[in-house]
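Same chain, two partners: chain A is paired with chain B first, then with chain C.
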Partner chain A sequence: MRERSSGRVSAQVALPKRRRWLRWGAHWLIVLVVLLFFAMPVVWLLSVSFKPPQEWQAFPPTVIPRGPTLNNYLLLVNPELPKGSASYMLRVTEPVTKSFINSLIIVPIATLISAMVGFLAAYGVSRYRVGGDFMPFFVLTTRMFPPVAFAVPLLVYYQNLRLIDTRLGMIIIYAGFTVAFSLWMMKGFIDAVPRSVEEAAILDGASRWRVLFTITLPLVKGGLAATALFVFILNWTEFLYALIFTSTRSITVPVQLSHYVGAVGRFYGPQAALGVIASIPAVIFGYLIQRHLVTGFSFGLIRK
Partner chain B sequence: MEAISEAKTKQGLLFTLGRHLNRESVFKLSLVAPLQLLLWFLLIIPFIIVIYLSFVKWQPVFGSWTEAPWVWFENFQKLFTEIRFLEALGRTLAIVVIAVTLEFIFALGLALLFTRNFFGKRLFTSVILYPMMLPWVVVGFIFYLLFLDHGLVNSILTTIFGATATISWLRHSVPAMSAIILGDVWQWTPFMFLLLYSGLSALPSEPKEAAMTLGATPWQIFRYVTFPSLKPVILIAIIIRALEAFKIFDLVFIMTGGGPGTATETLSIYIYQIGFRFGQLSYAAALAIVILITVSIVTRLAVRPLFEKEG
Partner chain C sequence: MGNAEGKDRGILLELCGLQKEFDGFVAVEGLDLTIVEGEFICFLGPSGCGKTTTLRMIAGLETPTSGEIYLRGRKINDLIPQQRGVGLVFQNYALFWHMTVYDNLAFGLRIRGVSREEMDKYVKDVAERFELESLLNIKARRLDLSAMQRVAVARTLLTDPYLLLFDEPLNNIRPGLREILRAELKRLQKELNRTMIYVTHDQEEAMTLGDRILVMNAGKVEQLDTPRQIYLHPRTLFVADFIGRPSMNFMETEYEMKGEKISFKWNGFSFNIEKKDLDVEEKHLKGKKLIVGIRPEHILLADEAEKGGISAEPLSAMVDLIQPLGAKKIIDLKSGDHMVKMVSSSEYSFKRGDRISVIFDPRRIHLFDPKDGRVIL
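On to the complex of A and B.
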């Protein structure tokens, strides 16, 4: 029946063998180009991080270092390492350990606070509509505006409170400016839990707090973990607030990287090494919550 | 004996406290109290301060900010006659428009490409996601490396076209802007792709098949069947990306620092330079207020309906 339409439906099957191969080949070619485009920059970063100084800008460029070395990584921890080459004369003045310790203290604590505060508020919004329509949207304002706009007044009164360049100050900022994500992500997860379970427990005489922590919390445990990991990535990679509100004592990893880029100029190897190390936690956690990334970045608007 | 009665009163106290905490109104309040605390501390008090600051003439070197002279709208007047601000604004909007458009086109193409099944598809989808997890600073550094005078891009250009084809990317305004935009596109196309791809795979296949049976060409199917039903997702993706791109700072800061001169200065970089490098905090406050107002209007018009439809 109806030759025309059946021709369309089975176009792929009906093609002559050679054309089918051509099509398949073209498809794969595009996929490979795309893959190359997305992989190449990071491959280059990895490659530079294992190269000795004379190869950082060598021509012709090689992806696989001719004289692979771990020096770039070792220099990050121990700047006093024998340099061995003229390019290492510009030395890294500070080991990166301090910034890693700071990041490892600031980010997890801020993340925990953000996730917990977000969870509680999301429960209130989801079950009791606390704050009406206004509050959940008001929270979003922390993400809508360029952070630098908040930083201007914050700097002024952080100075008065002596919170500049302290871990506590950074923890407050990081918790507060990611709580919008926590609230909206958790609201999605809590909305998905049927109320009837909680209502039954309340009828049985359980207190509200008990219901919250022994019934709702276990049901959204996975969601809470995903939210926390997502917020962790955001905080781990955050740069602008850290740049403005820290100077020496409590600098974080991204700021440390920017110091390297700015201050020591052509020092690409160790910079690349630091870039690689700084990315690892974010990428690992990112793949752990791969399914939730879209939900996170869209404030729970889009879920898969 | 005493101990027991003490324990009893303690228990009683806890009991009363517990009963109070359990009253519905108190319970509700304590759910949002921590959030309120954070918001007051980081949003409302700073907001009051920023309004105050924008009406006074103050720099940290002048002494205490509470005693600064009141100058009314001087800061705002200065702002709208300042060509550097207007340029930065224009540049930021240009980045938003160009980068988001490119991201959308690439992502849509990719998403359509990935609707077909092929070997290794799931692996590919996972692999190309990683750029959005990277710290922006690292992305900035990578593209800085690539676009150096002796960087990879120039090496490739030399190999193909000879030494005359190289460009000092980061030292001229247009090439530097292109490099920055490419960095943004590289990092955020995967996000757009993921949104559109999940949108596409969620669409029912019946309308498409029906259109096929009726003899529609692939283009017609895309234009009249797929695209309209994908529209909500597209809208969300574009708005979220546009708001994010408007804030662009890290990439520019690492790659060019706003230079050469002010050739790649975006709004965020401009405020950073004015407020935190040169210490003109009251002027920066006026800038911040203008941005707050502009973004609020845009948000009010574009974003809120999205969330309301959802809620």
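On to the complex of A and C.
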């Protein structure tokens, strides 16, 4: 009697078998629904990427392609390849490799710059109140305009600076426009680090820079990882500026993706194939910093 | 100013007219303080009284608006924190969470460029003394509070400071553990024989730890004295009220000289005290009103007082509330409209509504000037 009334384990035992089963079932049903909701587009993307042209818009749709083909992927690398098929009346003559290399250069560099500048700026704002209340807010206003509003003046500048259709130009735009996010995200993480930890290091004899890099940075590295991932995805998927400021030499993956929509119709197959490939770097990056993300999000646990 | 003579007398720290203002708000006002080597001083006061600000100015984390700080006879106002030879243990211990205990301890030594072997020796030594050997490879964030405190103190000691500062280190700790850690600290101070300044708002902590206590209020020093003196002879109303639980009873009285007696009238009844007991000169008594203070533990039952040879005119009062505390009990007495608290031994049994006869121990009565709150007696 006594044992039954005490402890959580015995409380569960006391539950009727059928109700336990129901609870278990409901739990996994919800998981399944949520999973389907988020996985569906990915599954569809994968499915279409392996379908031949006649199946792209077939009704009823199929999840597993009836005639699976690698043509969509091969076409990305070599647009000349599937000429035999009448359905591929594609005007795209460029292989995707160029846009991929561009994106893989532009986005990581812009992300690195944005995160580092954001971190240092946030440190100044958080610890020294640099710029008072105005500056940090002002930085954020760059995100309050519609992006197109910046396009015209920037175009004029870029024309004169000969930055149009250059990787450097894109790096500057991407780093510049995401630095506001980096600053505000990092400010939150830095604010959570008690000042006394830094002061303790100073009393131990550390210089300001040493405190920044050996104490503060390691303590917010989870936050930095989260910020970097956020900015990376933002830049990796950015379309508008890439479309306006690049034409041939430095186009990025999202622009390339739009090339598969032509006057004669949409080329869902190659588009889906490119979509699959394009998501790989983001997934890899996310996977690499996953370990740090967990500490980043649970940072509030540190005693203030 | 005080440097040359300071060295001879073993004075470690001297604060001269130390002042700190934040945007017009005076946090610390004209603080003078001299601390001798080996002393344990407690800064005591309610939050916002300027005690932590003072501590931070000594450590160099805050710049004084005016005034000088001398450490071992040297003016340290313009020195950066690490040049001062002052160690500070923070309220939250401020450990480097992402590092192991070993790295926490070695941090300062690494910066100083101490050789690997030496550093290892120092760290192991101090770890042994603080019983941290088994924890050296554990991340600081995984420690329990007692170990955190030990790491924080040990880390500070490794920088070999002349003066060790503590900023409310026991503040966020649950009561049971607090007493244990407090005892640990006191033992440590005795063993290390270092000069320490300990900031707290807990009077019990200050009383048990300090050789001397500096009571602060609203940026000013109220009293600097030994715990015993502060308890027995508070210099101001604030100190009298702040020290001791339950707090001192205060009565605003009118007084009158009647030959060898002083008669205090308070709220419809009066009590007389012989002048010789009070040991106060008439010239000190100005005006018509006085605030009389008496601690609850110095209100005695008339019978008991007589046995102890204390004679004074008894007062009659009604028992209004009894709060037993085990060894003693707090009794609220009602006299007219006013309440007075007394502490009595548990062996006496009263009921609510009983009338009892008590006396105010005349040797333990405090008189304060109602105008400035300063003590007259």
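Convention: the second predicted complex is superposed on the first by the 222 of 304 C-alpha atoms of A that agree within 3 Å, B and C clash if a C-alpha of one lies under 4 Å from a C-alpha of the other, contacts with A are read in each partner's own complex, and residues count from 1 in each chain.
As a working rule, a contact is a pair of C-beta atoms (placed from the backbone, for glycine too) under 8 Å apart; a residue touches a chain by one contact, two chains touch by 3 or more.
Model, not experiment: these values are computed from the prediction.
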TODO: Answer with first, second, both or neither: which of chain B and chain C does A:Val156 touch in the superposed model?
DONE: first
Task: Which of chain B and chain C A:Pro60 touches, first, second, both or neither - done: first
TODO: Name the contact category of A:Ser279: first (chain B only), second (chain C only), both, or neither.
DONE: first
Open item on the list: Output check: A:Ser196 vs chain B and chain C. Expected answer is one of first, second, both, neither. What do you get?
Closed with: second
Open item on the list: Quick one: is A:Ala110 in contact with chain B, with chain C, with both, or with neither? Answer first, second, both or neither.
Closed with: neither
- [ ] Going by the touch definition up top, name the partner, chain B or chain C, that contacts more of chain A.
- [x] B
- [ ] Determine, under the contact definition given at the top, whether A:Leu76 touches first (chain B), second (chain C), both, or neither.
- [x] neither
Open item on the list: Output check: A:Pro218 vs chain B and chain C. Expected answer is one of first, second, both, neither. What do you get?
Closed with: second
Open item on the list: So in the superposed three-chain picture, is A:Ile173 touching just chain B, just chain C, both, or none of them (first/second/both/neither)?
Closed with: first
Task: Those residues of chain A which chain B touches in one complex and chain C touches in the other - done: 302, 304
Open item on the list: List the residues on chain A that touch chain B in their complex, please.
Closed with: 4-5, 8-9, 27-28, 30-31, 34-35, 37-39, 41-42, 44-45, 48, 57, 59-61, 116-118, 120-121, 123-125, 128, 130-131, 133, 135-142, 144-157, 159, 172-173, 175-177, 179, 183, 207-209, 233, 236-237, 239-240, 243-244, 253-254, 257-258, 261-262, 268, 271-272, 275, 278-279, 282-283, 285-287, 290, 293-294, 297-299, 301-302, 304
Task: Residue ranges of chain C in contact with chain A within the complex - done: 59-61, 81-82, 86-88, 90-92, 94-99, 107-108, 111-112, 141, 155-156, 159, 172
Task: For the chain A and chain C complex, residues of the former touching the latter - done: 194, 196-197, 199-206, 210, 215, 218-219, 302-304
Open item on the list: For a test of understanding, state which residues of chain B touch chain A in their complex under the given definition.
Closed with: 18, 21-22, 24, 27-32, 34-35, 38-39, 41-43, 45-47, 49-50, 53, 60, 65, 110, 113, 116, 118, 124, 126-139, 141-146, 148, 150-152, 155-156, 158-159, 186, 190-191, 194-195, 198-199, 202, 209, 212-215, 233, 236-237, 240, 243, 246-247, 249-250, 253-254, 257, 267-268, 271-272, 275-276, 281, 284-285, 287-288, 291-292, 295-296, 299, 303-304, 306-308, 310-311
